[in-house]
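Right after this note come the structures.
Shared between the two complexes below is chain A, which pairs with chain B and chain C, respectively.
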Partner chain A sequence: MSQAAAEKHTVMVVGGGVTGLGIALALDGLGIETLILEKGPSLGGKVKDYDKIFPDFVSGRDIVNELIARVERVPRISCRTGTVMAGLKETDTGYAVSTNDHQRLEVGAIVLASGFEVFDARLQEEYGYGIYPNVINGPELESYLDPHGPTGGRLLRPFDGKPARRVAIIFCVGSRSKRLGNPYCSRICCSYSTKQAIEIMERDPGAGVTCFYMDIRTYGRGFEEMYQYAQNLGVKYIRGRVSECSVLPEGDIQVRAENTLLGKPVQGVFDLVSLSVGMMPCADAACLADLLGIERGKDGFFSGVDQYRAPHDTRREGIFLAGSVTGLKPIHDCLNEALSVAGRVAAYLNNHAG
Partner chain B sequence: MAASGIDYGWRLQGKTVRLCADRSLMADESAHQMEKALRQMSMEYYVLDRCMQCGICSSACPQGLLHDDAPFSPRNFIQRARLGLLNLSEDELWKCTHCGHCQMMCPYEIPFLEVMISLRNLVVEQGAGHVPVSIRSALASIASGGNPWKADAAQRVAWLQGLDIPPVACEPARKVHLFLGCLAGYDPRARRTAQTAMRLLHLAGVPFEVLADEEVCCGDSVRRVGDLATFARLKQTNKRIMLSKGVHTIYTLSPHCYESIQTLYGWEENQTVRVMPFLKLLFQWMVDGVFALTDAPRGRVTYHDPCFFSKHQGLVDEPRQILKGLPGLEYVEMEHHGRKSLCCGGGGGGFWRDVAKGRRLAEVRLDEALATGADYVATSCPYCLAMLEDASKGDERYAKLEILDIGELVWKGVRP
Partner chain C sequence: MNPYHLAGRESTWQKHIKDIPVDNYFLTLSCILGSFYPASETMVPKVFDLLGLRWATTHTSHNGWSCCTAIGYHGDIMPIEATLLTVARLWALAQEAGMEVITPTCVTSFGTYCECQELLEQEPELRGRIARLLKDTCGRKLVIPRRLAHVSDVYYQHRERLAGHFQYRLIEAATGRPLRVVDHIGCHYAKLFPQRHAVGGSEYCDVLAGMVRTWGGENVDYPERRHCCGMGFRQCMIPPNRGATMASVHKKLKSMAPFKPDLIVTNCPGCQVFMDKEQWAVHEMTGEKYFIPVITYQELAGILLGWDPYEVVGIDFHTVPVEPLLDKIGIPYDREKSWHREP
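Presenting the complex of A and B:
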């Protein structure tokens, strides 16, 4: 049986999200040809669903659309959507990759930028996600606040479509919990939730937003100022992890927690409860790690060989990591990693030319 | 990523764990000394270092539902323990009823109940604080007579004499045993529950035997109030008796007896004693259709989950299926049920404490039962039964509720 000749590419980027797009464009700037392999039906990843991103409330969608437009204009970048790797073999010049649609590719280097998955809030049973309609997760709240979203940007209760004005946001859902297998901090939830709280209050100053948190970790540049601004707008922060959400007859959600700073139990009734879900390694992380023969840490995210001196390198030559595959980071950091991995890949190709 | 190589502090075991080696931030030197002393004396103390003070435990603790300005708060307790600010003579140490809701919810899986046992042990066995009188007297009585009420050990099974349950002859290998527990031995109400269980066994044609007056307290509450030495003796006695009688399957009427005999008695591999809750046998009978059922009793029934079945053992479906299988009854659920159910207040030595009316966990529970419009509150633990009944006595509001053991409710519906 004869096989079609393999298609040749210099670099293959796995993942067409904001990191993958950034990498391809950065490599193009260095004169290097790239193929983007995207599992989903279109480019843009998760960020294309974010109307506003923290800390400066610019449009994530605009950023991604601009990146996609540039990628499409550049002849040195080609894309395949709906495609995943199925097999990998080492060759003299790099790697031979086979795909789910039986294509054969020959590539000089691979960059893994396959991103993350949000935590499935059904696993934290006490909050009733998936059971009570008015308990939603962070990405869903994001879509309710999005003018291009299902409600045209109006914050409505899924239970009866009435406007939601009393909103609770529960932080650290599926993060910082050994019980749920995710002991790590997801880093961006405090900030994205605070951003959402600000959006709600700015649109409806009469609304009441209560955030139940454990520690506020608004660590990046401008993040803390955003947190201060939220408090100026009247967003209430209660330090205490919620133990239980229960539903009342009208679909309202009753929330129980301890205000740990006052040492008193608190109970509140809300129209809408949003769970600030943490992040997990991408769904096929285990599969990818096996296929590529690279390591993951205890937390399930991928690990490079040395996060100080060679942050993008894996133990296999010519395979690199970038973006949130190595742990959660804000969009801004992902784009920075795209630039730095491009430099690393260029140096690698330079040393392995021919 | 090098971060994956870090072993997080809370993963480590033993006293080497120090999230903050220098605790000189402590303002008060005596607190510093107290903390150091506790750390040396209590093996369980180190787990408190993991706590991030999120407060989910205190929010889950049933005591937060009491009308109390400063309810018991595990989070606050842990914080003070870590800073050496605990006063082991305070009543607070005895408020925890070991329902286990806090440790079920804890994101870092802190075994709070073991910490409690360890601290109470310091008080009970090493005199680090004051033991409430009622608990001291119960412990003394168990240590000398094997039961908490200073009652005659021989009286434990005297009531069995007048019982109209003829023995079934069979070879010993087919015979199962029944572990009655202290309450059934001495408390008239629990005795009725035990009699019903025995009648059901008889009706189902299961040959059984009780351990007679040789059985002593299972030791669950003894251990949970910190008297580990007495617990060890009780355990030895019961094990010796069970082995000498050739027990192969033993059914317990109380989830407390079940948990301690099953998980804490440390059975060797060659000691093939199978411990089972009577509830499971009852469930099996219902599944197999062993009894012909009438539609008596009639009305609404709700089920109060004993914590030692629900939170400790995850045994929540069987009792509901039993009740739903009774034709005359409509099953209703309380607001908190299953693993989230609320404690009656009887566990962890709570049964031996005197709590004033209006501040009892059982009252909170009965209010939830009332809200369902139930006629019957069924449960499957003699502590729960007694705590709920005690709280309902003399209170008009609860007059409508009949509180009984799940076996008694089945018995009411059984056509003999």
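Presenting the complex of A and C:
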């Protein structure tokens, strides 16, 4: 049986999230043809599930939908969903890629923009995630606050469906934790949780939101102002680590912590506890690193050859990095990276034009 | 409706599956359990024999058995080196009996054996010094046991076989309702080496909870489940600190009371003593009457096996009466055998 001819593309972007879409559009602006390879069933990545993003509360879903609509209108961009790389070989003109659906692709350059994974909060056993229904994680809280989400935007207790008005948010779950093997800061959790606290208080000024934090790291433009606004709305910030969550007979969650500013143990009872989970390298990062022959840092995220002079370059020529594969970034930083990596890829292709 | 997901909890337990040996146990006894609840230890050999297990023991002074010294180590009156040497000598005795699994009834002995094993495995210099001292002082060879198991691990391992011999289950006879059981795990079992030595880890330890489920009962999760009983050697042995012990027990009782437990089951001699006896002290000091029966897992197995509650299980040793629990399960007993019967 004869083998089908390989499909040729100038650039292949691995990952159809906000970064991957941004890269393809930026390359199109430079007149470069692109294939987006997305392992999920649809484009849009995680941001398509965010009704509001920080710090300005615009719709993440609208941003992604707009990017997708533009991608679909552009003839120089094609997409394959439900597809992952299965093999890679160097060729005279770039790389020959085989996929899980037995397709053969020939590409001039590859950009890895495969994103991140959310920390599995079950690993921090003392908080009872996966055991107590009223302990949820940050992305789940996001979906409860979403008018298109499972509760139509109403914040309800999963245990009994009653309104949740006493809410605790525990920061740094699965990040800045040597014990759990994630010593790094995930950078976006303080901000997305503060944004969620604001949404709860704006919708229900009589609600009470208590945030237990290690340090507040709202570092970007507009982030600190958002944090101050949350405090003005009445969101309580308690500096201290939560030692455990436990369940009471009616499903309420008792949270015990140390207030390290007062030097006293504190405890409270809440309708709902949200764990502000940190982020981790994408689940298939190790496989991708092996397949592509590129390096990862001790934290598991991918490493460029020089983060100052060539932040997108890997040690393999023609393979580039963008977005959260090199560490967590807010959405606008990912879109900025999309622009900069497109410029770098264009320069590479220009210098290697066959 | 349970305020927790059973499947989620079980998946958490299963992350900490402990490889428990099935045979060749060398049984070592507790310094205090035999004094306060003696049947908890005398029933262990009966259960081992009932299950046809291969085991041995040596605990009399003429063949050289001694305290493991953990009570002195944790009371800060003994350095770890002395404990290491004593434990190394006890392990040598077990090896001479041909048993490879050291199996104490005491969780502090268990925790100390685990700590000594860890230290000797990871500190070559210390291992060399203890080996030399052991040879010089009593002519014995240091052998670090490959396997350590608490007796509650053994009961957990064989819980289904044991249930096959039971005459009763943890079910209320009058209603058919599963009894609600609080499991209280000794800190030195679950909190010293939760990854390596505790069934289910420290947060959702399964060693007693698993027995309870298999034997027909329902687990009770409550906020202070992981709180220490308050025994602490520096608390229970120093009279001015005793208030801390009672306060801990009081805190636990207040926390579990809304869940209406039918009994508390323990695997630590110290916890058993204080969870049971401090209930009376709490009543005297505060007027609050909890009186939830507290029994060891050995006693629980004993009453479910249908062994005589007074003559074999020794429930007379308890401060909180156990008879109401027997009544719930429908286990008959002869009051005439009790020391506390009316004249």
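By our rule, the second predicted complex is superposed on the first by the 353 of 354 C-alpha atoms of A that agree within 3 Å, B and C clash if a C-alpha of one lies under 4 Å from a C-alpha of the other, contacts with A are read in each partner's own complex, and residues count from 1 in each chain.
We adopt the following convention: a contact is a pair of C-beta atoms (placed from the backbone, for glycine too) under 8 Å apart; a residue touches a chain by one contact, two chains touch by 3 or more.
Predicted model, so just to flag it, every value in this text is computed and none were measured.
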item: Simultaneous placement of chain C and chain B on chain A, clash or fit; value: clash
item: First, second, both or neither for A:F159, with chain B first and chain C second; value: second
item: A:S246 touches, of chain B and chain C: first, second, both or neither?; value: both
item: Chain A: partner with more touched residues, chain B or chain C; value: B
item: Which superposed partner A:S274 touches (first chain B, second chain C, both, neither); value: neither
item: Chain B versus chain C as contact partner of A:S114, first or second or both or neither; value: neither
item: Which of chain B and chain C A:T194 touches, first, second, both or neither; value: neither
item: First (chain B), second (chain C), both or neither touched by A:M214; value: first
item: First (chain B), second (chain C), both or neither touched by A:E126; value: both
item: Colliding region between chain C and chain B, picked from 56-64, 74-82 or 290-298 after the shared-chain fit; value: 290-298
item: Footprint overlap on chain A, comparing chain B with chain C; value: 126, 244, 246, 256
item: In the complex, chain A residues that touch chain B; value: 126, 172, 176-180, 183, 214-215, 239-244, 246, 256-260, 263, 265, 296-299, 301-304, 306-308, 326-327
item: Contact footprint of chain A on chain C as seen in their complex; value: 1, 3-5, 8-9, 11-12, 201, 203-204, 221-226, 258-259
item: Of all residues in chain B, those that touch chain A in their complex; value: 1-5, 8, 10, 52-60, 64-65, 70-71, 73, 75-76, 105-109, 335, 340
item: Complex contact set, residues of chain A against chain C; value: 122, 125-126, 128, 130-134, 159-160, 244, 246-251, 254, 256
